[in-house]
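I've put the structures underneath this note.
You will see two complexes here that share chain A, one where it goes with chain B and one where it goes with chain C.
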Partner chain A sequence: MNDFIRQLADITGPGFVSSEPEERYLYSMDQGTMSPAEPDAVVMPGSTEEVRKIMLLANKYKVPVVPMGGGLVLSGLTRALHGGIILDMKRMNRILQINPKSRYAVVEGGASEGMLQAYLKKHHPELKHSMPDAPPIATLAGNICIHGSGHLSVLGGFHSDMLTGMEIVLPTGDIMRTGSCSVSPEWFARAPLPDLSGLFIGWSGTTGVVTKLGIRLFPSYSHNDMLIFVCEDADLMPDVISRLTGTQVAEDMTPWMTPKPEWARGFLHINISYGAHSKKELTFKRNLLQASVKKYSDQKIAGFLPLPPTEKSRFLKIPSPDLVKFADIRKGGGFEYVGAIMAIEHFAEAYRAGLQIARMYNVSYSMGARIIGAGHAMIFFYAYAFNRADPEDIKRAQHALEATNTAALEIGGIPWKSELPAQKQIINKMDQNTFNLMNQIRSVLDPNHIMNPGNWEK
Partner chain B sequence: MKCQYIEFTGISDAKAEKSKINAGEESRVLYECLTCYACQEYCQFGNNPFYLLIELQEKKGVLTAPKPIVEEQLRMMSPKGRITRQKVRSPVVNMCAFPMLTGCVRGKLFEGASVLSGNDIFCNIMWLHFAKNSVIRDRVPKTIDNIMSFYLKDSKIDEMVCFHDECYGTYTSVAEAFGISVPFKPVHLFDYINRRLDEIPDLIKPINEKIAYQRPCSNRLSPETDKILDEIFIKIGAQRVPRKHDRENALCCGGVPRALQRDELADELVEKNISDMLSTGAKYCVFNCPFCMATLGQEVAEHGLMPILVSDLVLIALGE
Partner chain C sequence: MLHEEILHRCFRCGYCKMPSNYIDLNCPSYLAFRFETYSPGGRMWLLRAWLDGKITLSKRFSEIMFSCTACGNCTEHCPFPNFKDLLLEAFTAARGAFLDEGRVPAGVRDYLTRMQLHGNPYGLPAKKRADWAGGTEIAPFTDQEYLFFAGDEGSYDTRGQEIARSVAKLLAKAGISFGILTMGENSDGNDVRASGETALFEELAKNNTDLFNEKNVKKIITLSPHSFNSFKKEYPKLGGNYQVFHYTQVLAFIIGKLKFRENQDPVLATYHDPCYLGRHNMDYYSPRMILSAVPGLKMAEMDRNKQNALCCGGGGGNLFTDVLSSCNESPARLRVREAKNTGATIMAVSCPLCAIMLEDAVKAEGLAGDLRVMELSEIVNDRIM
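And now, the complex of A and B:
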């Protein structure tokens, strides 16, 4: 291993490779409940060429490679389960191109959400991208590869739907491209080619390393507003969501249910944000949204919270600060959530299952969802905060997460960015031929099985 | 017939609806009322038409706003039991549920003042907008008891300045109509400011500006104080410009209609208020109600008028 590490240093320079215990400790875990697993070394490449050389070396020595973006996935996907190296992509953080007319950006594999947001605000204030509610250091590549979502997901779907192409370094050291950039100098779309991007999205880093990607941008409005819809009956939610998304004017819709503050307990809320180029257009959009659920407000069983403009500003912050506040509610820095992707008609079932699990395991919970597209799906999330310094608290949260994954699968949903036990639950429920094909693809791309081993395995 | 929000075909139509309400019968007014309090001011005989209307709304289970909206606000504004005993001294200024505005109580105007705020001393008058007289009956006596027990009694003070005229309306008009006894003397903010200006006339530097005043619904419960405001404006050299929508014809700021899910009406009210203010050439839009200011302030500012509370305008005149 020492010789291997020396050769890594030859590739990146000695300042970007470490096998020191403190680094190995820090890279052994994320903020979630999964137990630590130490890598043998951490390496930070600075270019696609360096990534290529590292992959060639790792493949030659059959050393496991775990690609890592911001390291914020929370479900332990960037732990070195079989040792080897963690490939920390943060040095490759350049924003390479903005195409304002075709509205896309091309960035390196380690570019963060915050960097692109700041860059656009400064250089292209007329454009924005869909920010997830993660800390700004979360990477675009990481978020796309886990099928993330964000503040434009009603408008543009999953972040993986907004991907226009990728540059990938395969485990064998080959560099390949997906989407229009494989044919043209431009990164405008994945169509009309065979969609090879799918070989790298949702695979938890088991098929290759993303070194560049293209992502769709959207108009940034001069006028922005939001509404909060409230009701008491979870069974109404699928219809409400369907009606609101049916207007096709919202950018983002996030239902939320929480026992704290006390006034919110038992109520179901939906934050709906939308923007416009003028005040008149903004009012028009608000009227459309309100009219879509007038049936319920006329019956007085649901409606929109009256929020003076001064109180709306915190809800219009992107990313939202609220989840971060909840994340440390138990103190001790432990936080994990199960996001299950499912059809919106299961909203009430998902909500009731969450309440039952929180009661059963006595955990601090926050539930919510992000609506995808025009009600095409939702990511329903169950967030559990725990105190990392309290082993009993961690165990409680782990049990609650397992129970939640089980419940989500029973409802018909699929746990999102699933941690190891959930991956196994999914595989057990998955069509056998689908899983066989996954393994065949993986063997072709990664013959020596060096990419994030331990994940997506029975 | 003076009602600005409900259409009547004529006086007989209005009388017919009022007769139904008096008889405790169904009336469209129960459903169409914007809860602006104005009829309380219009009535020259002290018959409390507004309170009776709300009473009937509640009795008949009329919901002015969707139930979850009302329920959440009932919880938000409930007493929290977080009050602690405190020695206070005069003047005692009650900021009600607007602790974020305690910074307004400052300078020579409020020299030496003790400030009270928080949900445990919330005046609860807002429930008139939501057909919840029962909540007023239930919570206001406890609020009064908290004010007395935790602040005034031990400090041997029997006077309290109400920063917001909703509070003043609660401890005068509502308390009297609802049979709630008030053991302290409520002082309207205008009354306090007016007297205080008489004590420090040498400090006043007339501001010599035109101001448009946005009269709040709550001032309908103490209309006599509107004249005191005129005196204040004269003393600080502010010209209260004649607005179409001032005094008895004041228009709602638009805040409550949004809670009642009548946003399009609220937009119309905002537009009418602002165009009316702009037509006067005023520099400032002056509020006495913090909620009106929260609702209208941003719009007013976007149209080039400076939104400001009465107390802050007076502080400007005092050079602060």
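And now, the complex of A and C:
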């Protein structure tokens, strides 16, 4: 291993490789509940060429490689389960190209969500991309590879749907491209080619390393507003969501249910954000949204929450730092969530299951969802806070998460960016031929099985 | 360890690494080294692990802790209101604990030894402290309104001395009544405190407060924002109660009374906020008021400005200890590149440490013909009648 590490240092320079106990400790875990797994070293490549050389070397020595972006996945996907190296991609954080007419950006594999947002605000204020609710240091590549979602997901679907192409370094050291950039100098779309991007999305870093990607951009409006719809009956939610998304004017819709603050307890809220190029257009869109659920407002069983402008601006801040504050609710710096992707008609069922699990395990919870597309699916979140200094509390959160994964699968949903135990649960429910094909693809791409081993395995 | 109860509460969300506009990374040590361990969240988790016996105190761990410049970007942008203000204090306490264990980088050890033996980080004789004023008409402090405190860099560093003389000249021109101490003063101790050597800081501070009190000092104008911070925030806890001003705060009030030469050549300048005037004491406007009064001078802000300013990398004793290294991606070099990108030809500063760090970086970047680091009073002195 020492010789291997010396050779890594030859590739990146000695300052960007470490096998010291401090790095090995810190990179052995993330913020969630999964137990630590130490890498032998951490490497930070600065270019595609360096990634290529690292992969060639790792493949030669059969050393496991775990690619890592922001390291904020919370479900332990960037742990070195079989040792080897963590490939911290964040040095490769350049924004390479903005195409304002075809509305796409090309960025390096370690570029952060926050940096792209800031870059667009400065150089192309007429454009924006879909920011996730993750902290701004989260990487675009990481988020897309886990099928993330964000503030334009009603408009544009999952972030993986917004991907226009990728540059990948395969475990064998080959550099390949997916989408239009494999044929043309431009990165406008994945169509009409065989969609090879799918070989790298949702695989938890088990098939290759993303070194560049293209992502769709959207118009940034000069006028932005949001509404909060409130009701008490979870059974109404699928129809409410269907009606609201049916207007096709919202950019983002996020239902949320929390026991705190007190005024929110027991109610189901839906934040609906939308924008426009003029006040007149904004009013028109607001009217459309309000009209779509008039049936419920007229019956006085649901309605829109009056919001002072100061409150609105808090909700319109993207990303909202308020979300990570949930980690301090037990004064313990930890939270993890199950995000289960499912059809919206299961909303009430999912909500009740969450309440029951929180009660059963006595955990501090917060529930929410993000609507994808025109109500095509939702990611239903169950977040549990825990105290990192209290092993019992961590265990409690772990049990709650496991129970939630089980419940989500029973409802018909699929845990998102699933931690190891949930991956196994999914595999157990998965069509056997699908799993066989996954394994066949994996062995073609990664003959020595060096990419994030331990994930997506029985 | 003081504040150890907050260490596990850090979520490592990473807001501390960035400015509020997310335009780039903004933690000096994380920028230079790029391992998560060198970020504020990384330090929090490593310290917890050390206290829990999961890692040991090593040379690298010590370098990780002492590479922090105490710039305050983390406390500014941490989203956790219940403990964010204690982050730097926790790091200071940890460095103190490392000192107690005798595990500090050699540069830090030497820096503190010089401070201990000579009362300044240069290891020069105390009697030379006022030499910078030689050949000027600056009077010793007797009963003037203000004591002018030049600090370590203003007293001993060649470039710092030029800045001290320039500021003193402008204060005199503006009719400010001030004098300097010619014997007996020590370092303000600000960065000694940040390095965790609390006892030495208190010793330095006590020496200064005894002297100030003996001389009946009531008001102090400091050259360095580091001195300003120390006198304003720490000395009162040790019995040193003075009205303290950074020189820009005094000049901002009287700049309107100065007569500038007419028909000045237009010039574009950018201003670099020093951490101890800006983030630590929230004064972003006094220096900008001065610059806005200069005829022909236009301002171009860097992307990272005011509470988002990138530290020059010299704080926390790093000007002397060099734990943060002077690599290609050192904060000072990144900062002068950022200044150059604004199109400015002058990078205005109001801190002698920043001036020294950034001038070195301008040379290292080969920008000497394009970008000139100028201290504020130098800009004004160049243009007044």
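Assume the second predicted complex is superposed on the first by the 458 of 458 C-alpha atoms of A that agree within 3 Å, B and C clash if a C-alpha of one lies under 4 Å from a C-alpha of the other, contacts with A are read in each partner's own complex, and residues count from 1 in each chain.
Heads up, the rule we're going with is that contacts are C-beta pairs under 8 Å (C-beta built on N, C-alpha and C of every residue); 3 or more make two chains touch, one makes a residue touch a chain.
Remember, it's a predicted structure, so these values are computed and weren't measured experimentally.
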Which superposed partner A:Ser112 touches (first chain B, second chain C, both, neither): second
Which of chain B and chain C A:Pro321 touches, first, second, both or neither: second
Contacts of A:Glu311 with chain B and chain C, given as first, second, both or neither: first
Contacts of A:Arg91 with chain B and chain C, given as first, second, both or neither: second
Touching partner for A:Leu26 - first (chain B), second (chain C), both, neither: second
Comparing the two partners chain B and chain C, which touches a greater set of residues in chain A: C
First, second, both or neither for A:Phe435, with chain B first and chain C second: neither
Which superposed partner A:Ala389 touches (first chain B, second chain C, both, neither): second
Partner chain(s) touched by A:Phe218 [first = chain B, second = chain C, both, neither]: neither
Chain B/chain C common contact set on chain A: none
In the complex with chain C, residue positions of chain A that touch it: 15-16, 18, 20-23, 25-27, 31, 42, 44, 70-72, 88, 90-91, 112, 114-115, 117-119, 121-122, 135-138, 321-322, 324-325, 327-328, 331-335, 387-389
Complex interface listing, chain C residues touching chain A: 8-15, 17-18, 21-24, 33-37, 42, 45-46, 48-49, 54-56, 58, 60-61, 64, 79-80, 82-83, 303, 327
Of chain A, residues touching chain B in the complex: 230-232, 262-264, 267, 283, 286-287, 290, 296-297, 300-306, 308-311
Complex contacts: residues of chain B adjacent to chain A: 63, 65-69, 71-73, 75-76, 255-256, 258-259, 261, 263-264, 267, 291, 294-295, 297-299
